[in-house]
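What follows is a pair of complexes built around subunit A, which joins subunit B in one and subunit C in the other.
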Partner chain A sequence: MKKESPLFWPAYLKGDILFVLDETLVPKQLKYVKVRNIDEAVAVICEMKTRAFGQFLVVLSTFLLEFNRQPQLNGEELLEKIRNVAHALNHSRPTFPFSEVTSVVVHWAHGALDAGQDVRAIVIKNVNGYLQGIRHRRLDRVAKIAANIKDGDSVLTHCNVSGELAMAAAICREQKKDVQFYCTETRPYFQGAKLTYWELKQMGADVTLVADNAIATLMADKMVNKVIVGSDRNCANGDFANKIGTYQIAVLANEFKVPMLVLTQPSQKIKSGADIPVEIRDESELLQFNGRKVFSSKVKGLYPGFDVVPHHYVRKEIAIDVH
Partner chain B sequence: MSTEIKNVTLIYGAFKEDFFTALKKCQVKDIVVLEGRPTLESSRHAVLNLKKIGIIPTIIADNMAGYLFSKGLVKETWLASQAEDKAGAMCEIGALILAVLAKNHQIPVFTYAAEKKRKPLGKPADLQKFNGQSVVTGKIKAFVPLIEWVPAKYLRSLRKNAGRKAISPRLLRRPNELLAIGGANE
Partner chain C sequence: MKKESPLFWPAYLKGDILFVLDETLVPKQLKYVKVRNIDEAVAVICEMKTRAFGQFLVVLSTFLLEFNRQPQLNGEELLEKIRNVAHALNHSRPTFPFSEVTSVVVHWAHGALDAGQDVRAIVIKNVNGYLQGIRHRRLDRVAKIAANIKDGDSVLTHCNVSGELAMAAAICREQKKDVQFYCTETRPYFQGAKLTYWELKQMGADVTLVADNAIATLMADKMVNKVIVGSDRNCANGDFANKIGTYQIAVLANEFKVPMLVLTQPSQKIKSGADIPVEIRDESELLQFNGRKVFSSKVKGLYPGFDVVPHHYVRKEIAIDVH
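Now for the complex of A and B:
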């Protein structure tokens, strides 16, 4: 693959500092925030400086970061450290299944200690191997996305899928497919306007920005023939959680017979969407923009961060290989 | 934070002032207002008029209505219509989303006259700013419809001539015709 979006792998560890792309500043700046410890890792997640795949990268890298910071800890102390780090990360944002990842790391450390092995060496080796594996699997999925986009397609997307759609668009371009993309603004953080529009443009795609409220007109007038969105959490029955706004896109796609394709990370940990806790974020994030009030009179605000979409709205899952 | 909201009336668009008088008479209290991108004009209009009748509304972004419907929190939806006939109503962009959601959840949708007409199309620059501040810089390609047609099958009641017939509804039912009227949109 010729090009890689900065959003595809938005964090890297160098010594005892984790550099995390501040996605709230893209595209104005490609600035990496320095994360030095677990508290700062939790902060970049909670403040949404990183999101989607970036969060998982931060979660896994934070274990390595804490290892690098404290080379003197013995096996038992490392296990305790890993448990504490896992606990803090698991409780940073409720909708995300961080525990599915952190529990694996705890399991590795526990196993190494029980077997009398070097906990530090085993965990570092496994985390790095895991990350490498994820990288290859995501690149495989990029190819799958491109294969699902046909010549002449007009694709609506929402929020941002961490570089994968943009890189698929680049493949489509190489394959001389004529493809049009529409991306929603994605209030209140504008990830669609700031990230998706920008990275699709960077890849040379034909992309048009629309307000979140323009999606019905796009579908009713057949201006799009496919919807592709990501997912933040997946259930055994195929239900999924994704950025707020995804549910209404799904309902409309069903109404106007536009097939909806979802990028998934298959998981059997939770049965259905009813079991997914939806994070309600602070109303100030909705009622202020860049520190300035949107309404001069007194109002209340409601900001659910995610929608849960029932599986029957999904035409096709483009899954990452988890085996 | 109003996470306990339930049984709300969802209102969308810039309604004539007497709509708010009617809300007061009907003792409607729990009202949710959508932002109404790109200008936010309709939500500001609603907030001011609701304040006059002593109601503090809950604001949601335009992509959050589905959440309320999926949780069973909406009891009725009102759309400001600029023009109506037996076939449907011309409303502010976003109205069709609410109408389809409402149909899907068996929630009634009503129309009431809009306070004023809207032009059919905005400019890409309208999406570059939010609340007067920059969201994205540089030239962008954007499609910015400001009104859309809501077919009668989604609406509970249509009152003939309730909205202002600012522009012929016949011409405005399809976005491609809007594009033809508004010209190129980049």
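Now for the complex of A and C:
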């Protein structure tokens, strides 16, 4: 049985190339897109080949990529380069808090330059240290998720939480807990059907796929007793943004008194959900299935990519420790 | 502009053949399946080529079909034939109340036989009269739906209500009401994307397709101010069964204070929702898209076909008059 899902760490740098797992092809293929520069990094984000945590890895790694490509730059030129890369990344998609990440890198470069240090060495060291720190904290959160799942639980999840739930399921299995999972299809992109079902299964979990429409009946019939979902952005007041469909699951969990646990990364930068701009994605994506058009091109669709969920629906946060 | 949607009357008898609109092919093709006998009638129902009201038409018309095929039967043989046809229809699918319809026909035949009347003539006359009565009452309900839609309304619907909402939309348009419609995709079968969107568009309505996951956000953002859905079975206490996903829309409508209107056919035969058996359809249907398999055959799915919605979520019933 595997212990680490490919979705847990879906992008890694090898020499001058960033290998990014193409999540749109999973589970049919495990294929990595090669990203060589900032333009290709923005493309892989815009095309949603990588999502959520994968985007985070791409953003951080892109600085290293661009550094490797231009070994001749001096400190000031490196700072300028970092600012340009940060700007391009920040404007690639509205929902993910890219600027929270990129501003840290800009800050490091600025500090190193001001202190007369080697900008290149400092930034590379800090980015790598940051990535390793995140890795350890995510593994900690996997353990916390497992601790929150009890013997006999039946857990509903939505969209995909990048390996963490699947790895928690593997821990539960080692601990001989009898746990069932239900995962939604997660239209329009089917992340649940394609990613979550697959990785839970890979980890040996007992998982059942349901339509996004089946949640009320599942809860009314007491077939699930816990909801665990991820979050793409967190607010100071506990509101959070996550894949479209999360809001209604939160309302239903509240109505049927099913505890809803949200995997968070606490942040004080956004005050409340009202301050999160919701990304309206192109309607054509609603009308495609695995990249092929399935409805008439004359169909008018509306596709808000994310929900902003008010905090009062959340029973418990399972947070990544913030140092 | 068309005034009657093909979905409003999706099955009609012509000589010895019942022509049943294959709703699985709409909107790509308007094709009618030829049904010649009870076995073909059961098949067309089981394969869900016709739904809800179409099933009702198929059930009634199948008695006429079988009568036409066997002109030599006497009164007692006809009653026996009717009982056999009723039995086969009653056991074709659990959710639709076939026995409520078939028992009426058995009753007519029985009464005619007891009274020494011409069983064949009586049953044919009554079935035809019944169908015409239903047609008039449905047209009445279309007018009632239109009267419940106000200028400026933005109406969310789910699944498909067999022509009635689309025809009401046409009336609203004639009355110069400015109305927007949102229809859900309605996974797993996509009745909303395939049937409802198409027929609302045919009637000249302003309609937008949304994923089933987008309802909470639509309501939270006040983009819809009314929900109108159909019902497949109605209970004496107001509970009703309808396509999976209706229950969660009802909970959300309640949470966001959006009035929910349900098209009903009042019945005292079922006391409450607890008495409705919910059909669990084959999981393979969840894993297909337009008849082609899209997920691995090893995926375990659960596909409850219908929701049973408690009456307290319903703001108003728009009923078919019962005489």
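Definition applied: the second predicted complex is superposed on the first by the 314 of 323 C-alpha atoms of A that agree within 3 Å, B and C clash if a C-alpha of one lies under 4 Å from a C-alpha of the other, contacts with A are read in each partner's own complex, and residues count from 1 in each chain.
In this section, contacts are C-beta pairs under 8 Å (C-beta built on N, C-alpha and C of every residue); 3 or more make two chains touch, one makes a residue touch a chain.
Being a predicted model, the structure only gives us computed values, none of them experimental.
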Could you check whether subunit B and subunit C clash or fit when both are placed on subunit A? clash
Once chain A of both complexes is superposed, is A:D212 in touch with subunit B (first), subunit C (second), both, or neither? both
Looking at A:Y197, would you say it contacts subunit B, subunit C, both, or neither? Reply first, second, both or neither. both
Would you sort A:E185 into first (subunit B), second (subunit C), both or neither based on which partner it touches? both
Of the partners subunit B and subunit C, which touch A:A143 in the superposed model: first, second, both, neither? neither
When the two structures are overlaid on chain A, which partner does A:I280 contact: first (subunit B), second (subunit C), both, or neither? first
For subunit A, give the residues common to its interface with subunit B and its interface with subunit C. 27, 182, 185-188, 193-194, 197, 207-217, 220, 244-245, 247-248, 250-252, 255, 278, 283, 286-287, 289-290, 294-295, 298-304, 307-308
Please name which positions on subunit A make contact with subunit B in the complex. 27-28, 158, 182, 184-188, 190, 193-194, 197-198, 207-218, 220-221, 223, 244-252, 255, 278, 280, 282-283, 286-287, 289-290, 292, 294-295, 297-304, 307-308
How about subunit B: which of its residues touch subunit A in the complex? 1-3, 5, 32-38, 40, 43-44, 47-48, 51, 56-67, 69-70, 93-94, 96-97, 100-101, 103-104, 124, 127, 130-133, 135-137, 140-145, 148-149, 174-176
Subunit C residues touching subunit A in their complex are 27, 182, 185-188, 193-194, 197, 201, 207-217, 220, 243-245, 247-248, 250-252, 255, 278, 283, 286-287, 289-290, 294-296, 298-304, 307-308
